[in-house]
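Structures are listed in the sections that come next.
Here come two complexes built around chain A, the first alongside chain B, the second alongside chain C.
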Partner chain A sequence: MKKKLSTDEMVKRLLASDRRSAARLITLVENEMDDHHKVMSLVYPHTGKAMILGITGAGGAGKSTLTDHLIGKFREQGNKVGVVVVDPSSPFSGGAFLGDRIRLQSHSQDDGVYIRSMASRGYLGGLSRATYDVIRIMEAMGNEVVIVETLGAGQDEVDVIHIAHTCLVLVTPGMGDDIQAMKAGIMEIADIIVLNKADLDGADRSLRHLQGALTAGSFEEGEWMPRVVSTVSAASKPEDLQGIDELAATIAEHQAYLRKTRAIDQVKYNRVEQELGLIFKDELQKIIFKGLKGTGKKREYIESIIEQQDDPYSVVKEVLNTYLLTGE
Partner chain B sequence: MKKKLSTDEMVKRLLASDRRSAARLITLVENEMDDHHKVMSLVYPHTGKAMILGITGAGGAGKSTLTDHLIGKFREQGNKVGVVVVDPSSPFSGGAFLGDRIRLQSHSQDDGVYIRSMASRGYLGGLSRATYDVIRIMEAMGNEVVIVETLGAGQDEVDVIHIAHTCLVLVTPGMGDDIQAMKAGIMEIADIIVLNKADLDGADRSLRHLQGALTAGSFEEGEWMPRVVSTVSAASKPEDLQGIDELAATIAEHQAYLRKTRAIDQVKYNRVEQELGLIFKDELQKIIFKGLKGTGKKREYIESIIEQQDDPYSVVKEVLNTYLLTGE
Partner chain C sequence: MSRGRKKRILIAKPGLDGHDRGVKVVARALRNAGMEVIYAGLHQTPLQIVSAAIDEDVDAIGLSILSGAHNTIFPKIMSFLKDRGASDILVFGGGTIPKKDLENLKSLGIGEIFTTGTDTRAIIDYLNTTLER
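And then the complex of A and B:
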């Protein structure tokens, strides 16, 4: 019979890069099992040094193949790489899901690459909190680079990207031509805009539009102005790939910028602030649910709302007054 | 000078179907202005009777055109219709956004149709809470049918659909062929699967796959088994449209099922439960932030985490013990 490892022992092995312990700890954290908080308290002191790279873009933009090549580049530089693929469990993400399975195999022989897909669990905010914890676990595991790949649709996915040090947004020819769409979001979140599939028709036009939009944007002196890099991340012959080296160099340039200007401090601050916010929400909800559990009160409240004797805002006020005393 | 209406007066006018008051109240709720809770308390007693129809699907599946035709059907039946289009403010949703603008015009002459787009605000959970409130406002306005249209990617959007009485999931030929993807989610959320663009190549094959997947699923005696309806929602000549009447009839059939089996009670319960959960989270977060505000404590906590003297889970525990006394 297999001996059950203690949490402390598992974390110890994680710090020695043990893949099996990493997998088990991630599962523990994803499922919010009993030792969840303890695990994270043990893990945190060993985090905060990795470079977090966010990669987002619409389905079909080529995130999987591009991530694949970037993993190769980081490995050449001697870095171990962790990858978190945030995979919405929406019925519409079949493509991304399959792509991920394929990629998993292409790195399965390399002990310096650890990839984990996370499915969303149908619970508001739950996904992101677990995602943050899993990134920390990957850092504690000794990965110098952690890549977070998300589908760029839906707020959850966009939010996750806010903790990245360097954020790549993938677009494809045609997509980037609508300046309105550009203004709406890409420039806010992208440090580097990757025009992937740059061998397609219309790529030149898209590139001009992207560069025009950037030039029109207002950036302060010393501020990082997003770069556009054209790439071809899928090709039948390796010599037909394009822009991967330039992209790796641009990422390194952004990293140097963050360190030089101390902008990295703000990135780290934002990350912890977001983590705290998510944990607060979850913990507070647990307190309330614990207070209500088994009292039959919850059903009573809900029924009184359905029968229009009450409204949810008044109920929340009443419950807060009953179960929490604010320390004012 | 225009007289500023009181909140009570605006709600009174809303109940008399005044569009201008509806618009102002929705803006007030979206921006969480001072009277937000009061408005919702006044609105709730006048809600709970409308049929909520959820429509979701990937970008390009034809949600806008299909919604357009369904609005027409409901109008023919003498119902007033409210439509909430949840439009992720992601940089990747350019297409959906434009489609919505076009549709807005096609009903602009009909006082029995009220359409509102909601952009996501970059705040976890914030979108959905406002969405729920806006649906309630549309009910209080006197709409017998409220359609909630969301892009089927990202958890936020899928969650919103849980409050719908009847949920349509749109797929297009080719998309529905992956049985794995099917199992992953569509059957869980769809009451009716709409195979739109059924005039495209491969539609027969997709239809067979969908029906095969449904037959393979396990449904209990008396349980609603999702239907598949093939439609063509965009056509240059009206006579080339397909399946719209059948879809409207299938929606009516599902509504009859909900009433007959009392399953509608569970739907209503789930809706209020979700609303309560979201309001709780928001209100609790406000309490904490209020406690911390101006004390400089927040920055201290965050910095102690960055410097690895502390971890977020321990900080949350400490703050909760400081600012909240749980009534145990």
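And then the complex of A and C:
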């Protein structure tokens, strides 16, 4: 049964919200199989309307649990939801343990929710290289909201900012003071900072630190000033959950701000600019390695650099001249 | 990093027993063998497992059953996969499953059953061989 459908047929079925076709196309794109570029060309005209929500934060901060609740909120609003969850690949084996589905089970039998786990496959920045394309496939599938959950991020895995319209950064009490909150990197990409596990000791102090750090920034008139929302996303009784409604309302507020001020245009421009850079890099590298393949030159170059007969920049210049500028 | 098709395996524990040490050992071994393991965890219904397998486009589903419910759960999974046009997904399993039941389970289309005491290398070899298409 597998592999029988043509790419065109799978895309046609994707546009009719067929889950199996969506799933297969994602695999095709993720593995950079032959029709990858063709699929994306066919899919592209059917994208651009969904709201893309990024969720990042350290491992264990509660991203998946919170995502599970947010899916529920978006479903209440009548939106279909696609979710991409990224976990790291092993730098040793290339394998991965993708465990986010465990906390994303409330909607496992809801046809309006499509969840896909992805391994980072060595891509830095908190996502996987294919994430850009996978979001588009989920948009073409008919999802009005696409949630992108990064792998457990530290200070600098900020690529989600290039993809998401609204970006949530999760922190938990005791993760540091206002100095941590003032550092460049992940804290600056937040449109909304979520202080999760706000029932833990030290939550009040953390909230003060976060708000203090935010108010130390300067914002133009009419510019979005990041908000802090306290939440409790894991509780044995539903009535012990906190802040989920407020968070959903704050996300809606940020979306309204993006549309009203046309800031969304800049977000979209930045995304495409970033994406073009990545594609150029990938394609150039492919051309060059294709040129070098089987010539034994790659080893020669590497050895000449190690032996200091040459340096990396000179080698790259020479290779570019040979395989690119002269057209192989 | 690595290009080309990666093996994706859904690992789940259907039914009511909560003994997940074994299934975690297997999941970790597959990870270390370079596979992408989607770990669905405990108490999964057959329908949840089949939906997850389809959405995640896995090559195989591995089920751990130590509760004795294998003769109910495996047939359900196979029938849901068939209903959804997904019979090409390999199903394998493990746990405390009596020898007398193995033949019947295999006749349902279950690829292999690894009973307790199996070396994880046997599971890796099996998947590497069976999934090379």
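Just so it is clear, the second predicted complex is superposed on the first by the 289 of 328 C-alpha atoms of A that agree within 3 Å, B and C clash if a C-alpha of one lies under 4 Å from a C-alpha of the other, contacts with A are read in each partner's own complex, and residues count from 1 in each chain.
Keep this in mind: a contact is a pair of C-beta atoms (placed from the backbone, for glycine too) under 8 Å apart; a residue touches a chain by one contact, two chains touch by 3 or more.
Quantities reported herein were computed from a predicted structural model and do not represent experimental measurements.
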Chain touching more of chain A, residue-wise (chain B, chain C): B
First (chain B), second (chain C), both or neither touched by A:Ile305: first
Chain B versus chain C as contact partner of A:Gly212, first or second or both or neither: neither
Partner chain(s) touched by A:Met33 [first = chain B, second = chain C, both, neither]: second
Partner chain(s) touched by A:Arg19 [first = chain B, second = chain C, both, neither]: second
Partner chain in contact with A:Arg116 - chain B first, chain C second, else both or neither: second
Where chain A meets both chain C and chain B, residue numbers: 89-90, 92-94, 97-98, 122-123
In the complex, chain A residues that touch chain C: 1-2, 19-20, 23-24, 26-27, 31-33, 89-90, 92-99, 101-102, 105, 108-109, 114-117, 119, 121-123
For the chain B and chain A complex, residues of the former touching the latter: 37, 40-41, 43-45, 47-48, 57-59, 88-94, 97, 120, 122-125, 127-128, 151-159, 169, 175, 178, 180-182, 184-186, 189, 268-269, 272-273, 275-281, 283-285, 287-288, 291, 298, 301-303, 305-306, 308, 311-317, 319-320, 322-328
In the complex with chain A, residue positions of chain C that touch it: 1-6, 8, 27-28, 30-41, 47-48, 51-52, 54-57, 84-88
